[in-house]
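Consider the two complexes below, in which subunit A is the common component and subunit B and subunit C are the respective partners.
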Partner chain A sequence: MNLRSIERSTWIYIAIALLLFIVPFIVTGRSMQFILIQIFIFGIFAMSYDLLLGFTGIISFGHVMFFGIGAYSTAISLDRFDSTIPALLLGVVLALVIAAIVSFIVGILTLRLKSHFYAMLTLALAGLFLVAAEKWRSLSGGNDGFTFRLPELIRDSQSQYFLCLVSLIFIFFGLRRLTKSPFGKVLMSIRENEQRTESLGYTVLHYKVIASVVSGVIASFAGVLYIISLRFVNTSVFATDLTIDVLLMTIIGGVGTLIGPIIGAGLVEFAHHWLSGLSDVHWIFERWIILYGTVYILVVIFFPLGIVGTIQAKLFGRTVTKGLKDNKSKVS
Partner chain B sequence: MDLVFSLLINGLATGMLIFLLAAGLTLIFGLMDVLNFAHGGLFIWGAYTGVWFYQMSDSFLLAIMVSIITGLLLGLITEKLIVRPVYGNHIQQILITLGFMLVLQELIKVVFGPDQKAVFPPGWLQGSFMVGDIVIIKYRLFIIVLGFLVFFLIFFILKRTRIGLIVRAGVIDKEMIQSLGINIRFVFMLVFMVGAAMAALSGMLHAPYSGVIYAEMGLEFSILAFIVVVIGGMGSFTGSLFAALLVGLAQAFMAYYFPALSLAVNMLLMATVLIFRPQGLFRVKG
Partner chain C sequence: MEAIIQTEDLSISFGGHVAVDSVSITIPSKKFTSIIGPNGAGKTTFFNLLSGQLSPTKGSIFYKEEEITKLSTTERTRLGIGRSFQITNVFPNLTVLENVRLAVQSQKKVRYNMIAHFRHFKQFEQKSYEILEKVFLLEKADSKAVNLAHGEKRKLEIAMLLALETELLLLDEPTAGMSLEEVPAIIDVIKQLKQEDDRTIVLIEHKMDMIMDLSDEVLVLFHGELLAKGKPEEIVQNETVQSAYLGGMYDEKQLT
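The block that comes next holds the complex of A and B.
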C-alpha cells in the first residue's frame, strides 16, 4: 500500500485515535471513563444519523428505535442464556438482523415519497416500539427494565473503553470510506438534487434504502454498546429524548462531516454531565430540554453548517458540505 | 347492538378530536409544504390554558374561547419566529418545528408544573342519557356535534368565500396564485393560525374526555394526526375528516375486541395506504 496516497487528514485521525488509546491509563477515574465511553457510543449513533441526514438528506425522527432494538436484543439474549461471549454474539447478530429488516421495510415503504413521510413514519414507529416495550412485560420487563450479567471479558470499564473505542474507529473509517466511494457520491448527489440524480440513470430508491439500512444497523450496534456499558435496560432506550440528543449532536457538530457528530457527541455528553450537576443551583437546569431545544433552534437557523462545517468553510474558503441548506428546487 | 353503538360513539368522538388536530396540519402542509411537527405543542397549550381558565372561572364555553385564542396567538408566533426564517427548506423546517415542539412541551412543565392534572366535564355535560336502550354519554356527543360544526364551518369557508378559493387554489398551485398578485404568505399565515386554533380546541376538548392532561400527550396525539394526514392524503381537508373517523373507529373497536392489536392497527392502516395508495385516499387534484 502506498503511504503517500493516504490523505493528510487520515494521519491526523490516526494520531488522535492513538492518543485515545493511552487515555484510560492516565484518566483512571471511573466516572470520567464512563463519560468517554458514552461519547464513543453516541458518536457512533450520531455518525449513523449523519449518514442519513448529512449525506443522503433523509430526516428520521425514529432513529432511536434501531438503538433500542440493539439494546433490547442484546440484553434479552444475555438475560435468557448465560452471560457468555456466544450469548452476547447471538444478541449482537439478532440486533443487527432485526434492525436491518425494520429499516429495510420502513425505507421501502416511505423513501419513494417526499421526505416528510419518512420523518413521520419513523416517529410513529418509534412510538410504537416504545409502547410495545412498555406493554410486553414478559419480554422487556416493562418500564422498570432489568439488569443482567456481562461476560467476564468486558466486565471492567477499561475493556469496555477499548471495545467502544475500537468500534468507533472502525465505524468511522468504514463510513468515511463509504461516503468517499462512488456510492457515497451518489448519496450526496441525491441530497443535492434528487430529480437530476434520477435522470442521470441512478435508481434513487435503491441508494436511499441501502443508506437507511446501513444507518439502522450501525445505530443498532450503538445500542448494543450502550447496553453493555450500562448493564441495565429499560424503556428509556426508546425515548424521544435520545432522538433529540442525536439530532443535536449531529447538527451542532456539523452534518455531512462524520467527525462533526463525534465532536457534537462530546459536547452534548459533557453538557449533560455539567447541567445535571447544576440542578441544585437553579431549577431551570432540571428542565434542560428547554435549553437544548433553544440551542437547537438557534443552530438550525443561524448555524446550519455546525462546528466542523463552519471551520471547513473558513479554512478552505468554500463550503465542503452544504449542511442543512438544501437546494430550493426540492420545493414543488 | 348497544355495545356496537356505544363503541361507534366512542370512536367517532376520538376521531373528531384527531380530525381537529389533523385538519390544520393537512391544510398547512397542502398550502406551503410545511410539515408542522410543533402541532402537538399547540394541542397541549390549548389544553392547559383552557383548563387553567376553566378551573378559575368555572365557565366551560369561555375556556374553549380562551384555548382558541391561545391557539391563534401561538400559531402567529410559531409562523413568524419558527417557520418563516426557514421557508423553502424542507430539512430545516422539519428539524426546527420538532425543536419548537420540545420547547413548548417543556415550557408547559415550567408554567403549569410537571404533574398530571385531572379535569372533569362541566355539570351540564356530565352523565348520559338513554335513547331506547342505548346509553349515550353527553360529553362524547358534544365533541361529535362540535367537531361536525367546525368541519362544516371550515368547509363552507373553503368552498364559498374568496379566501377559501385562494386557499384551495394555493394547495393546487401556489406559484400560479402568486403570479396573480395574491400575497400567498399572508394567506398562509392565516391558515397557520386557524390550524393552530383547531389544534388548541382539540386539546381543550380532549382534556375532560380523557380526564387527565399531561405534557407528553401532545406528541402522542400528534402521531395519530400524522397517520391521519398520510391516510387522508396530504392537503386534503375532507380526506382528513374521513381518515380521522376511520382511525378513531378502528381504534375504538380494536381496543374492545383485540386489545393487544389496538396499538398496531393504525400503523397497519397507514402501511396499507402507503403500499397501495401512497398519495392518500383523497388526493388533491391539480
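The block that comes next holds the complex of A and C.
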C-alpha cells in the first residue's frame, strides 16, 4: 500500500492508538486501568450498535442479547473445562458462531418488518434470553451467576488492557474499512432511503441481515471481553439496561461515526465513576442514574448529532446523521 | 413491432377505490411512449405496478414475454426496468456524486464487496461524472442532494436512472414542479436519450407540447382505465379524450 494514499484521519487514529499503548505504564492504578478496559469494551459494543443505528438506520432494542451470548459462551467454556487458553479460544469461537447464527435467524425473521416493529421484537427476544438465563440454572447459575478462573496469561489487568486495546483497534479499523467499502456505501443509502435503494437494484434485506450479523458477532466479542475483565458472569449481561447504555454512548458520542461511540463510551464510563465517587459529598450522586437521564435529554435536545457529529458539522459542514432523523420521522 | 412490456387486465384497488382498472396495453420496444391523463387518473400508480413498488390486485405484467408480476422492485431493476420518481426520491444526505455512484455501482454489480476501499473504484466516479455532465449537473457534484434546487433534484433523479443503464426507462413527470427556465434543460436530456436507439422510454407528462414533440405513441388514462391510444396527432383530435381530459382537469371533484 502506498503510504501517501492513507488518509490523514487514519494517521491521527494510529497516533492515538500508539499513545494508548503507553498509558498502562504511566497509569498504574488498577481501578483506573479497569475503567479504561471497560471503555474499550463498551467502545466495541457501541461501535457494533452504531453499525446498525448510525450506518444502516436499524433501531434495535435487543442488541444486548449478542453481548450476553458472548459473555455466557466464554464463561461456561472456561468454567466447564479448565482455565486454559484452548478453553478460552473454544469459548470465543462458540460465542462468535452462536451470535452469528442467532443474529442471522433474528435478522431473516424480523428485518422485513418496519423499523418500530423490529425494535419491539428485538426487545422481546432479548427478554427471552434473559429469562432463559435466569431459569436454566444448571448452565447459567441463574441470577447469582458464577465466578471462574482465567488462563494465566490474561489474569493481570495490564495484559487485559492490551488484549482489549488491540481488539478495539482491530475492530475499529475493520469497521472503518467496511463502512468505506462499496458495501458500506449501500448501507448508508439504506439509511437514507430504503425504497430508493431497492429501485437501484440492491436487495435491501440482504444488506440488513449482513449488517446485523456483523454487528451481532462484534457485540458478542465485546461480551467475551467483558466477562474476562470481571471474571464473573450473571444474568445482568442480558439486561436491557446495557442496550440503553450503548444507545446512550452512541448518541452522546455521535451517531453514524465510529469514533463517536468510543468517545461516548469513555464519557459515560468516566461520568459513572466520578459521579458515584461523589456520593460522600451529597446523596444525589449515589443516584447518578438520575443525572445520567438529565444529560441524555440535554444531549438529544442540544446536540442531536452527538459530540463527534457536532464537531464535524462545525468544521466540515458534514451532518451524516440528519438522514437518520428524517427516517425516524418518516416512520412515525 | 416487438413489445418490451405488456400488461393484461392489470388492476389495483385501494380499499374500494379502483386506481387502475383492467388496463391491457403493449409498449413497443425502442419507441417513445407517453402516458397522459388528468390528475388522479392512475398514471403514477400504473408506473408503480410496472416497476414493482405496488403489486396488482388482478392481472399480469410481462417483460419481454416473461411474466414479472411477482418479482420485486430489485429484481425488475436488474432485468432492465428503471424508473424515476415524480416526488423526488434521492439520498438526501449523500452528495450528488455519491447518489449517482450508488447507481453506477449497482449497474457494475459490485454489490457485496466489504473489503476494498471505495478509492479503488475510480472508474465508478469517472462514469458518474460523465453522467452528471450529460444532465448538466457537473458543478453540483459535491453538494449534498438535500441542498439542491428542485430542478436540480429532478436532474439528479434522471442521472441516477441513466446510470443504471436499463433498457426501459420509466420517467414519471420529470418536469413536475419545475420553473419554466429549468424545463428546456430536462427536455434536452430526454431528447438526447431518445436519440440513443436502444432505449425504450415511457413518459408521464402534462406538458402537451413536449408530448407532441417526443412521442411515437400516446396512451390516455382516465379514472384508471385506458381511454385511448394512438399517434400523438390522433390523440389530440380524439373527441372523447378532449372532453375527458379537459372535463377531468377542471372538474372540482377530480381535484379533491
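The definition used in the following text is that the second predicted complex is superposed on the first by the 320 of 332 C-alpha atoms of A that agree within 3 Å, B and C clash if a C-alpha of one lies under 4 Å from a C-alpha of the other, contacts with A are read in each partner's own complex, and residues count from 1 in each chain.
The rule is simple: a contact is a pair of C-beta atoms (placed from the backbone, for glycine too) under 8 Å apart; a residue touches a chain by one contact, two chains touch by 3 or more.
Everything quoted here is computed from the prediction, not taken from an experiment.
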Clash-or-fit label for the pair subunit B, subunit C on subunit A: fit
Touched partner set for A:193, first subunit B, second subunit C, both or neither: second
Which of subunit B and subunit C A:112 touches, first, second, both or neither: first
Touching partner for A:123 - first (subunit B), second (subunit C), both, neither: first
Contacts of A:289 with subunit B and subunit C, given as first, second, both or neither: first
Which of subunit B and subunit C A:185 touches, first, second, both or neither: second
First (subunit B), second (subunit C), both or neither touched by A:19: neither
Least C-alpha distance (whole Å) that remains between subunit C and subunit B when both complexes are overlaid: 5
Contacts on subunit A seen with subunit B and repeated with subunit C across the two complexes: 326
Touching residues on subunit B, where the partner in the complex is subunit A: 29, 33, 35, 37, 82, 85-86, 88-92, 94-96, 98-100, 102-103, 105-107, 109-110, 219-220, 223, 226-227, 229-230, 234, 263-264, 267, 270-271, 274-275, 278
Subunit C-touching residues of subunit A, taken from the complex the two chains share: 5, 177-178, 180-186, 188-189, 192-193, 195-204, 206, 210, 319-320, 322-323, 326
In the complex, subunit A residues that touch subunit B: 53, 57, 59, 61, 109-110, 112-117, 119-121, 123-125, 127-128, 131-132, 135, 240, 244, 247, 251, 284, 287, 289-290, 292-294, 296-297, 300-301, 304, 324-326, 328, 330-332
Contact set on subunit C toward subunit A in their complex: 51, 53, 72-74, 77-78, 82-83, 85, 89-94, 98, 101-103, 105-107, 110-119, 121, 146, 160, 164
